[in-house]
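Quick one: the structure is below, and I'll ask about it shortly.
As written, the chain order gives the labels A, B and C, with residue 1 at the start of each chain.
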Amino acid sequence: MKARALLGVLFALLLIAPAAIGAYPLAVLILILHYAYLGIAWNVMMGFAGILSLGHALYVGLGAYVAAALYASFGLPALLGAVPAAVVATLAGLGIGALGFRFRVNGVYFALLTIAFAEFTRILFDHMGWTGGSSGFFLPVEHGHTNLIALRGPPILFYYVALGMTAAAFVASHALMRTRLGYAWLAIREDADSAAASGVDVFRARMAAVAVSSALTSLGGVFYAFYYNNMYPEQIFSMARSIEIILAPIIGGLGTLFGPVLGSFVLTLLGEGTTSLLEHFGLAAPGAKQVIYGLALLVIVMVRPAGLWPWLARRLGVGRDG
Amino acid sequence: MADVLLAARGLSKSFRGLKAVNDVSFVVNKGEVLALIGPNGAGKTTCFNLLAGAMPPDHGAVILEGRDITGFRADQACRAGIGRTFQVVKPFAGLSVLDNVAVGALNAAKHVGEAKERARAVLDLLDLGHKVDEPASSLTLPDRKRLEVARALATGPKLLLLDEVMAGLRPTECDRLVEILAGLNRRDGLTILLIEHVMRAVMKLAQRIVVLHHGEKIAEGAPEAVVRDPAVLDCYLGEAEL
Amino acid sequence: MEVYLDIVASGVLTGLVYGLMALGLSVIFGVVRVVNFAHGELTVAAMYMAWVMAGSLGADPLLTLPVIAAALFAVGYLLQRHLVERFIGRPEHEQFMLLLAVSIIILNGLLLVYGPDARHVQVEYAYDSFELGPMLLDTVRVYAAGAAVALALGLYLFFRFTDLGTAIRACADNLLGAQVVGLDVRRLYALTFGIGCAVVGASGTLMVLMRDATPQLAVQLTLLAFIVVIIGGLGSMAGALVGGVLIGVSEALAGFLLTPSLKSLFSYGLLILVLLLRPEGLMGKRT
């Protein structure tokens, strides 16, 4: 009950926040919500089903490119383009999953497989003429008109879309954990042999986790495409992007519902805070921010290896799942 | 002629040329408790793995209620009605005791709520009712053994395979578990196939015994007769269990 | 036709240096069971050390190699003792986060100090070449590859014939047994991490003869080391060199026949095939 009340307060605050803050804090909040959303999506695979993916940038990139290309070529609004985007990303995920699970590629090896496919795709897109290759793909920006279906409009529109997506993903993963499938995932994460002996079809449950996770992640990619209006294979499919996606859920607490949200708040504020501080003192040299970021990450990992949320939840006296 | 629940026909399995199980046949009748005994390395656990779908046999067939389930995966075997425990217990360490058993119960339940109720009932039966909210990782070994039995039992099996669940238990704990299992067999007609080294439990529970040695069946029959069989005594020579 | 011979030969020579770098990763994983995600960052750090010494002392990287390897040994030893040690036996993702944090600090530390520009080490023999039958081999590559093979051989002899090497292998084969007979496993792990990093230091120093140092190279090199190790087979010393040569040749050919930017496409393709069809690697033992 206490957890729900806290969540309600947080959600209400986020709902009214735009009225009270300026353009820059709003942009930071959008970034926080975007990474919280992607973290929740990744957490379905690793946190719940125990499948380590280090190539989630693949699904962000596919989602972004498919929806953006359909909009640019045929004028298909983003919310409709999201369907084929999710289908393409899910098929890619299922393909990698089927290969990996059938050939018994597990743990770190599976993670390497996901990196290999993401990098492979990055290089392909770098050389694909009709999506602009390495010089990137751009969406036309039209000022002054707002259209929710097409995801065209001012930052505030994107803020509420990001908030809606994050809240929906949060509620959806909360609900999933209370289904047969959710139990199957947790069982497989803990011990796949025991899960199978309890009647869980391990292959199918793992494939379902990949499907849910890649579909959700690709919708994050659609958001990215229409919010930033530009995408470069070098960035969107990069290993660095995959790592950015997984930082928040791990720092927040793997396998917990609220972990990705908390992790995203902490990490984004840490990053933005360091930037402002360094600029304030005139020390903003390239690399300076990331060194401090890395040091902070190191401290968090050393002090709270299981993540911040399980610890904070105990402090607040709420269930660790929140 | 009793009703046959499970028939193992000519099961064989080799690992790198070593015959772990060699042409083993036996039946388990409906409602009976059958014990599978034999010295270490006799192929008992491999036999279980073949029956429960953890690995496919090289030759032979597994027939459950007249249905050929040879080559079923572990989860298919479980859904067909074979519940098993692991010799080295494998609890879902990060989950609560209740959720551990609920995972098994979902095999027989329509939804999560029903599975949780079922799990509670099974845990009560195995004297773990007061520990439902504890994480499985905090349990002692005897409790983990009981949790393993509870998880397998919750899947609603027609045949329960128990792999050395008495090992590591104190005599009183062992007697209690025997009592519970005997009750399940007598009251609910649950059929049980058990691998066991603790002869005290075997003699109390089993109505028949099958003896394996070097992957082959060397004796079969009523407990009192089997333990006097010279071939059986021979193979146990030098072993401490008997 | 001779062009192809030259390209393959150059790929083999470069690949041997890749193999040495991957060997460092393989040694650490084989013994300590930790995947060193900061591998490329450490390699690039060694490249910068070689560049600094070449600039300030005018020293040839081949001469400063022992100094740099010793420095990296110390880095690895301390890294294991003070950071990685507490994460032994913990979940893989926690180890990953730790080494990721370390890699972010090293990478951006280099960026902060030396900036994003490529740094080039000029040696007198940069444009010399050897003639071997019909082939023309770059002198720098011949030296670098020769040194890499010599070091790999030295490492093999160390693990095979010295007491310390045998003790470290014992830890890798049977940790419990090693503890039972009274080996100081923590010290051996730290030494192993140090040795792995020293190998990285050496390979970075050799690498700088063939490639300019930039901070951005680090991530590529980490992935490259993974690819080589997985293809060759984790824990196989010969496998690391074979994997390195295979990748070196495939990169050289792809760079020549297609475009240089496509060269790693084949490396990743090869990685995917090996993971699926022979996950223990080409030279690894089947489990």
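The rule is simple: a contact is a pair of C-beta atoms (placed from the backbone, for glycine too) under 8 Å apart; a residue touches a chain by one contact, two chains touch by 3 or more.
This is a predicted model, so every value here is computed, not measured.
Peer 1: If you tally the C-beta contacts, which comes out ahead, A-C or A-B?
Peer 2: Greater number of contacting C-beta pairs: A-C.
Peer 1: Averaging each chain's C-alpha atoms to get its centre, pick out the one most distant from chain A.
Peer 2: B
Peer 1: Where the CA atoms of chain B average out and where those of chain C average out, how many Å apart are those spots?
Peer 2: Taking the mean C-alpha position of each chain, the two centres sit 50 Å apart.
Peer 1: I'd like to verify one number: the distance from the centre of chain A to the centre of chain C, where each centre is the average of its C-alpha atoms, in whole angstrom.
Peer 2: Their C-alpha centroids are separated by 32 Å.
Peer 1: When the C-alpha atoms of chain A and chain B are each averaged to a single point, how far apart are the two points in Å?
Peer 2: From the centre of chain A to the centre of chain B is 44 Å.
Peer 1: Name, in rising order, each residue of chain B that touches chain A in their complex.
Peer 2: Within the complex, chain B touches chain A at residues 52, 54, 73-76, 78-79, 83-84, 86, 90-95, 99, 102-104, 106-107, 111-112, 115, 151-152, 155.
Peer 1: Could you list, by residue number, the parts of chain A that touch chain C in their complex?
Peer 2: 46, 52, 99-100, 103-105, 107-109, 112-113, 115-117, 119-120, 123-124, 126-127, 134, 239-240, 243, 247, 250-251, 254, 285-291, 293-295, 297-298, 301-302, 305-306
Peer 1: Hey, which residues of chain A end up touching chain B in the complex?
Peer 2: Interface residues on chain A, with respect to chain B: 178-180, 183-184, 186-187, 189-191, 193-202, 255.
Peer 1: Looking at the complex, which residues from chain C come into contact with chain A?
Peer 2: 35, 83, 86-87, 90, 92-94, 97-98, 100-105, 107-112, 115-116, 215, 219, 223, 226-227, 230, 259, 261-262, 264-265, 268-269, 271-272, 275-277, 279
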